[in-house]
Structure formats: structure tokens, C-alpha cells
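Same chain, two partners: subunit A is paired with subunit B first, then with subunit C.
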Partner chain A sequence: MATLTSEIDCSAHTTREINQAIKRAAADGVPEIRLTNPAARHCLGVAVMSPIHVIFEGPVGWFCGGMSDGGRITVHGSCGWSVGENLMSGSIEVHGNGGSSAGATLRGGRVFVAGTTGARSGISMKGGTLVVGGSVGYMSGFMMQRGTMIVCGDAADGIGDSMYEGTVYVGGSIHSLGADCIEAELTDDDRALLATELDPHGISSTGIDWKKLVAGKRLWNFSKHEYDAWRGAL
Partner chain B sequence: MSDGIPRGRDGHVLNPLWVWSPETIEDIQSKAELGRYTNRGLGMTKRPPHFEDLTFVPCTLSRVPLEGYREACATSIEIGGRHGAKPVRLSTPVTIAGMSYGALSRNAKQALGMAATRVGISTTTGDGGMLDLEREASDQLVYQVLPSRYGFNPHHLRMANAAEIVVGQGAKPGTGGVLLGAKVSPIIAEARTLPPGVDQRSPVRHPDFVGPDDMQIKIEELREATDGQIPIYVKIGACRVPDDVKLACKAGADVIVIDGMEGGTGASPDSLMNHTGIPTMAATVEAVAALREMKLEGVVNLIVSGGIRNGVDAAKALALGADAVSIGTAAMIALNCNRPIYVEDYEKLGTVPGACHHCHTGLCPVGITTQDEDLIARLPSDEAADRVEGFLNSMTQELQMFARACGKNAVHDLEPEDLRSMTIEASAITGIPLVGTTFAFRPESFAQAVAEAMAAATANGHKAPQGAPQ
Partner chain C sequence: MCGLCGFVYKDAARTGGVGRVLHGMLLPMGRRGTDSTGIAMYGTPEDGSYVLRARIEANSGTPERVLETLERAGGVRDHAMDGPNLRARVAYDGDLGDLTDRVEAVPHVEVFSIGRSMEIVKEVGDANDVERSSPFAAFEGSHAIGHTRMATESVVDVAHSHPFWARPFPDISVVHNGHITNYHKLRRKLENQGHRFATGNDSEAIAVYIADKLAAGESLEDALRASVYDLDGTFSYLISTAEGIGCARDRFALKPLLYTENDEIAMIASEEVAIRSVDGDATLEPRELAAGEVRWWLR
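Now for the complex of A and B:
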């Protein structure tokens, strides 16, 4: 069992060199790699396919951890758009704010953003869990297919628009629901799930007026008799 | 009366109104019944300006042709090496376009892969991800990155020979895809992470980027995910071609695929297919000019698609400056689409072989655009691959035939000078002189002709009109 902790100063390397170093370390069984001075650079930690803990000591740019499968990524800073895009498994924790499209097309694993994220967070999610400690922007959860999105703060306009399936929990206020997004009854199972997801991040799920949002399924198949539902969707 | 002219009971000629033609009346009544726009498959019904409007002018006394069947005529090309990736090697400048597993049956996808491998070209995935059978069958497989990301898997990306970011599709640029519930079988639903039987509407915008500057970062992500080993294509529905080509080049594309309005689709609103985009011939001319302006001709490779029917269309596209063409509908037709077999099943769909565009129903009589097991069994992969292989070989033969006739020992040496326009419209679009003239009906040609006439008049002692350019 390797016990080495590698450290790389990003300022001295190209993005390709950094990503290849991460992949090599993972292949060599290095359990943890620490990257300093990421300087909000894009596409760091992309396609990490083996178990390794990647720690960025500073802000990262777009697509951090995108297309990864099985790694663990921690960002001590904020991140740009599309953090964890198409993550297959593993986890990403951002101890700052996120950009738009956080967790876009997430398939598995978990993405946690401690702060606020932008528009279209959780767009086209196909599985996995996205947890946002703060609020999310416009049209978050758009065309969600499966998975779970937990928003501890507020949701901007159009949350859950055109969802196929999946579940969105919102702890704060909802500016408006998207097309065919409806509120469902919060069950004890839901409360247990929220506690399981939030407790590890030091966020209490109790004392919050959680709203559970799901697909109304009126957009699953076209009906001319429900044209009002389709007016904005076709 | 039996003269084919519609007549009333008393024999007088019935004169349908042009605006309210029988087709328009049927369209209105169909929409009134459905309560929405009408969907169908395949492509446009209108006749656009087309490669058909160009003709080759092979060698005669002024140029020497190559001996057909004897002298070599090269066809191969490598594409996508702009940024050091391993290029895609095409033995002939034709590729199989992206068509989804879901729109197409697994046998159809497998057969296309087998045929492409036998011929030495690439095939392309589609909305719905990579099918194992397709990967196994295809030596060179281009993996599409679509807005929906249905079935997108980074492990599959890393198994691909190229990645293609799909910004739009010629048949319906500016809109997302449709897969009606009849085709969302349990297997397809699972592949796309959707509820079975749902009317699947794909988004048009990518979930993780928006504009061209963003796409540059997306391309960087794809390169990082694949260690820079595979070329990145960008496929664009032909609209504002010069701007789009330049933006794609700037974003770092290795290959640009321009899909003209004749392009096909598994299902789309009928009105979109007939009223969006520009024809492939026009798009080719504009794309080549844009690459030339950026001094990237031959550096960023150009593939054109949309209604390419044979090696003749391909030869004309190459003569206009494309590096390769891509075929979708033609490949489907080679598989067996619209073949007059199982005619009774065409009739059940309310159509006939030769005019069927009922791909969207999922009841394809010949097993191509269906997920029904009984129908899929009508398309044995190996036999279907034989037909596509035969068709691809015929395209290569035709390409070589026209190149040799034009005195070229490589199909990529075909050039605009080998062509003449058959219509004023084609001349205006391509800048290729109209047959029987040396005149290209382009704005700059008119300006030059006027300038020359005025210069001649001035030389003869006539004064130029006041305000005329000097």
C-alpha cells in the first residue's frame, strides 16, 4: 500500500502535465496528491479514473473533475462552470462557490459545493447527488433525468423545468417552478436521506422547511388536451 | 377522362389553388387533428440548389485525361492531425455520419460499422452513446458529444478514434432532437436514462457550455480526457457558415463537419426540415472560403454532409474544396431503407416503398429505424454490411472515374475549374461559370464587368456617368 503524498506546484506545469501527473500517481497507487497554485486554471483533474484523493489548494476553473470515475477531489477555493461534469462515480467537494452548470449531466457519485452555484446547476443529471450549500441560479435541474439535487438555500426561477425523473430538495425559497415541476410530499425517508447527505458536511437538515420537487409527468407524452403544459416545452 | 388532369363531373378542368393546394389542405387538417406540428423522418421535401446543378467538364484536347481502369488515382486522406492527435485515416474520402442507436436498430449500427471497417473509413455514434456491437464492428469510430449526453461515458470516449461536438444538425439546426415514445423501448430507455415510452426531447444547447469561447474550454476538456490522442471534430448545421467555421477554428477544432439542409434525421418537425438551414452546395463554398480566409485550408479538415447521394455528389463537393463527405441517409438506403420488400407493412403505415419517411414511428418495415425485435430480424447485419460496402465501393469508383476524366491522379486534386454551372443560381452560389459562358454570376463578376465596360467606353472617348465609380 503506497503511503506517499505527492505535491505539485501547478504554476510550473502545463494543464496536460498536471493531469498526467495525477493519472500516473493514481495508477501508481499514490493515495493523495496535493496541487498548489491552481490559479483558476480550466480542466484540472479531468478524467481521473482511479481511486486517489486530489486536493487543489486554491480556486480552479471550468470542468474541474469532469468525466472522472472513482476519484476524490477536494477544492479549497471556488470553481468555474461545470464542476464535476459527467462524473461517473467518486466525489468532488468545493469549499467555495461554484459556477453555472455545476454537476451538469452527473451520472453517479457526489458533487458538493459549499457556497452558491449559478444557472442550470444539475442540468440533465442522469444520476448521482449534487449538494449545494447555498443557492442555485436560473433553470437549475433543467431536463433532470435521475439522481438527487439538494439545495440548502434558495432556487431561482424555473427550478426543475422539464424534468423527466429525479428529485430536487430546496431548503430556502423557490422563485418559481419550471414547466411540469411539482411539489411532492416530504416523507420520513426523504428526511433521512437529507440528513445522510448533509451531516458529513456539517450542515444540519433539521429545522428547515424542505420542499421536495419532482416531475409532474405531463410532458412525458404529448397530449393536445394539455396544451397549456406543452406551450413552453415544444 | 384518363389524361391525368383532375376534372369535375361535367368534364371541366379543376384548378386547385396554389396557396391552398391539396398538400396544404392536408397539412392543415392533419395539424388540426394532432393539435401540434407534424413529425416525420428522413429529410426535406423541397428541391434546393444542389450539386445536381453542376456538371463536370472533363479533358478533351485542352487537357489530357488519365486512362480509366489502368492509371492510379489516389483516394485516401488523413484528417484531424492539426493538434498532433492520431489522425483518422480514410481510404476513400467518405465517412458514415452520426446516427443514434435508438433511431437506428442495433443491427443497422453494427452493419454500418462492419461496412466502414471493410472499406477503411470511419463511422460515427449518435445520440444515445456507443453501442458495444458498434465499437467492435468499427475500426475507426467517431464518438459524438451531443447536447443531451444520452449514454455519454468517458470510458467510451477514450475508446474512440475521434470526438465530434455536435453543435447542430442540417435537417433541423437550432433545435434539439426528438425520439417519440414508440421507439423508447426499455433497452433504449436504459441506455439514455429515461422512462420507457416517454416522448424524448433532446436539448439544443449543451449543458456545460454555451458559446464559442466556452466551446474552446470544452475542447480542452475533451483533449485532457483523451490525453490529446484523438482529433476533435465540430459538427455544425449549415446556417451562418462563414462565421461558424471561423469560430470553430478559433475554438480549436481539428475537423469541421458542415451539415447542409438536405441532411436527414430520425424524427423532426416537418416544417423545420423544409424551412431551416442552407443547402450543402452553398455551405461547402462558404466553408471553404472561410477556411481560406483564415489560411487554414487543409489544416482544419472540412467534411460536408447533407443529401450526398453518390460518388458524383462527393466528387463535386471535393472539387469545391471539401476534404471528405459524410453520408447518412444514403447509407441507410444502401442498408435497405425504402426497398420494396414487406410491402404490406409499408401499406400499414400508410405509405409505399420509395416514399417512406416513417422512421419516427418505430415500425420500419425493413428493420433499420426500429427497436421491434421481429422487425430488426429482417436486417441481418452481415448481409446489410455487404450492401453498404458495395455502395461505398461504388462511390469510390465514381470519384476516381470523374477525377481521371478530369486528368487528376488523386481525387483530392479535383478543383472548381473542372466544373461548370448548369443554372444561373448555381453559378451565383458557387462562382463557377455558367455553361456556355465564361461568366460567373457573382456580385464581384458584375462589378468587374461593369468596370471593364466603363473603361472601354472611356477609352473610346465616352465620359463616365456622374457618380459612377472611376
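Now for the complex of A and C:
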């Protein structure tokens, strides 16, 4: 019978050894694996394809949890660029600040960053949910195609630039909207969704002036009569 | 891709093992740049002399000719050679551009830096290669910046390695990750003001650009803020002076840069892994600079 928890000291192993150990533990049916001293190394916990809970006791580097499908990753620390890049399903929770491109090309599952994230968070999202407890950087939600991004803090310049589809919610101030990103009316369904997504993280969604951002869809098809819209986007 | 790192003690009276810290930060940054590595470190000025760091790529009397030149310029207080690398303390009160020209008039000599407190060491290879050719890990000082280079547009040699001294301004140097697309225009403008360049590397122009503004009486904060608009292209850079460190990130946030600090120290790096490679305060929470953001720490 598999032990309930496996533990690895990252400082004694290469990144490849660590990731292979996670896969082995998942294949053996170990429900939880705890990794100490990750020391902000890159590519930890990538391609976790089984329902195992991976816990990093410290900061992780770039691409943490990328391409995973079905696992659950918790980071007790900060993370670098592109956390959860191309996540298919499962969840990643980061209890610290994130870097740029958080949740890039997210396809499914949930990425939660308790602190702030950098530029281009949620770039080219194709599904899933990205929740940022703090603020997001320049041009977040750029070319978003599907999915949901929830920003509890402020959005820097160019939020939702050239988004095709999907929805962005911003609780704080918006420095400027990106090209063809427009504000839509917040409905009761939106409020219910915000409560569903934020309550598990201990964040109250009430008493906040939520702004709902969607694609204006003026860039879907080229029109020579809307030259100004295209000039702004390009 | 290049790696940047910096460390500063905030208290003006405090010094410590900045060489050891930078060595630790530079090793993981070696993955961002394997071509060359360099450090600008700031010690305690001694008896009004300048510290000169230079590379002498020839033997048969060349080091002696350099020392004779320095002796004639004002006097050599002391000197040491580590292989081809010269460190000399020089008594001098003239223009540093003139002194640099006189030293480099000796064939096969490259001046890395001249400063009251700043010393630049660099080498092709990683931080351990620098440590072997110009030991710096035991250096005690107030602050330092470092760089690992992945060359994209100029040759891989020690002359084109970072940090770049903002010659002839004492104690100012820069490390840069990115590409300055208006480099030639910026360089022409600075050359028309009388500044000279030692290399064809775009990063050198940042150092001279900032130093020129500081010499004109601008604050480091104002110079950093102006640079975000005057420099085109992608960049994260650190600039160091005798007083501390400043940094800036381009308006598109295309190159990484983050910082962390407490009451005693500040650390800046391209990636958090550089910060975590040094034994220190594990509770420090790093934060990325926003697009176009500048920060500075003056002692």
C-alpha cells in the first residue's frame, strides 16, 4: 500500500529527478508529495498528469506546473514567469507573488496567485480560470480566446488587448483598456461566479466594484470603415 | 538573454561580503548567459586614490610600461597582477579620460574601470572563471552589480563583457539585458557632446547616457525615469554609482527584473533563483518591476 505522503529535498536532486519522482509517486497512488527547498528553480512540477497533490514548501521558478493535466499543485512561496502555462486541467495555487505571463495559454483548470502578477498575465488564454488576488501587469489578457480571468486588484495599461472571447473581471482600478476591450454589464450570474471562484480562497467578492471586460469584437473582421480601430490594435 | 543581479547594504556605514553574495547570485544566472561574466563592486575609498582595473594581453615589458605610465601620471600607491589582470591604486587628480587614453596607448591594454570605490572584474566564462582570474568572492564592500552575458550582437570577448564603465565618469557602471534599438542615434548624440566609447556594445551607451545626466546635476531618479522614454528597445538594466544602485525596466516589460528588500539590504535580479541561491532572509518576498518602472537605493 502506498504511503500517504512522500517527501523530497529538492536541493539534493536535479529538476529532472524531482519531476520523475513526482510522476512515480502519482503512478504509485501516493496522494500527496511534499517538496522542500525548491529555491525558485525552473520547470518544477511540469506535466503532472495524475491526481496527486504536489506541495512546494518554498518559492518556485518559471513554468511551474506547466502542461499539467489533472494534478493539484500548491506553492507556499512565490513563483516566476508563466506559472501553469498551458495547464489542461487541475489546479495550481501560489501563496505569494507571481511573475509575468501567469497562466499563459491556459486551456483548463484553475490557477490562483494570491499576490500580484506581472505583465501579460493570462496571455492567449484558451480556457480555464486565472485568479489573481493582487494586481496584474501591462497588457494582461492579451489575445485571450476563452476562459475567465479574475483580478482582485488593479489592472495595468492595456488590459484585454485584442481579446477574441473570454471574460475578465477587475475589482480595482483599470489604468487603460487594450484595443477592442470593452466594459460589459455585470449580471447576477457574474456575481455568483465571482463568489464561487473567490470564496474557496477566503476572498470576499462582495462590496467590490467589479468591472466586467469582454471583447468588443470589432477586430473579428477587417472593415476599411473602421480603420482607426485597426490602427490602434496594430 | 542575459542575467542581471545586484546587492546593496542600505546603511551608509555598513559594508560586508558583497563579493560572496554576487558570486552566489551569478552562478545560477549563468544559465541566462554563458559567454562571459562580470562584476562591478564598491569598496571603501582609500587616501584619495583611484583604483584602476585593467587587462594586459601581452608580456615582455607591457605591465611595466603601464605602471610607468601611471607613475608619470601621479604615482602608483600599490599594485597587483593576477595573470593578465592588473589592479593598481593610483594617485591622480586629472581627467580620467586622459588617464585612460594614456594607459590604453600601451598596446594590448584594456582599462576596465577607474574609480574611487568601484572595481570591475570580468572574464569570458562563468562566475568561477572570473573568480579564478580575478578573485572577487572575498571582496568586502557596500554594494555590487553583476552580469552574465549571452552575446547577440557584438563579439564574445572580455572587452565586450559587462559591466561597462561609463568612462570617463568615476564609479559609474551598468549591466544590461536586452537590445537598445536607437543605440546608434544615442551614441552619435553623446559623441557629439564629447563622450567617447570603448566598444560597439549598445549597453555601454546606457552607462554614458546616465552618467552624462548625473554629471549635469540630475538626480539618479530623474535620470532613470528619463531613460525609460529615451531608450528604445527591450531592456532591463542596473546602474551603479558610488552612492548605490538604480534599475529600470522597459515600457513593454519584455525583459525580466525583480527586487526584494528589507530594512538592511536590497537585492535585484533577473530571476528569483539568484536571490534564493544566497543564504539570507527566507521571508523576503520578491516583486517584479512593472512595465516602465524604475527603482533606486542610495546609501
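A few comments on the model shown:
By our rule, the second predicted complex is superposed on the first by the 230 of 234 C-alpha atoms of A that agree within 3 Å, B and C clash if a C-alpha of one lies under 4 Å from a C-alpha of the other, contacts with A are read in each partner's own complex, and residues count from 1 in each chain.
What we mean here is this: contacts are C-beta pairs under 8 Å (C-beta built on N, C-alpha and C of every residue); 3 or more make two chains touch, one makes a residue touch a chain.
Note that the structure is a prediction, hence the values are computed from the model and not measured.
Touch criterion met: A:85 reaches subunit B, while subunit C stays clear of it.
Of the two partner chains placed around the shared chain by superposition, subunit B is the only one that A:67 touches, whereas subunit C remains out of contact.
In the superposed model, A:42 makes contact with both subunit B and subunit C. More residues of subunit A lie in contact with B than with the other chain of the pair subunit B and subunit C.
Once the two complexes are overlaid on the shared chain, A:148 sits clear of subunit B and of subunit C alike.
In the superposed model, A:224 makes contact with subunit B only, not with subunit C. In the superposed model, A:126 lies in contact with subunit B only, and not with subunit C. When the two structures are aligned on the shared chain, A:59 is found in touch with subunit C, with no touch to subunit B. Put simply, subunit A uses residues 42, 61-62, 81, 120 to touch subunit B in one complex and subunit C in the other. Remark: subunit A residues 39-42, 58-59, 61-62, 78, 80-81, 96-97, 99-100, 115-116, 118-120, 137-139, 156-157 touch subunit C in the complex. Residues 251-253, 256, 258, 271-273, 275-277, 282, 285-288, 290-291 of subunit C are the ones that touch subunit A when the two sit in their complex. Residues of subunit B touching subunit A in their complex: 34-37, 148-149, 152-155, 157-158, 181, 192-195, 197-199, 201, 203, 207-209, 214, 217-218, 220-221, 223-228. Those residues of subunit A that touch subunit B in the shared complex are 15-16, 19-20, 42-43, 46-47, 49, 61-63, 66-69, 81-82, 85-86, 88, 101, 104-105, 107, 120, 123-124, 126-127, 142-143, 145-146, 162, 164-165, 219-222, 224-225, 227, 230, 233-234.
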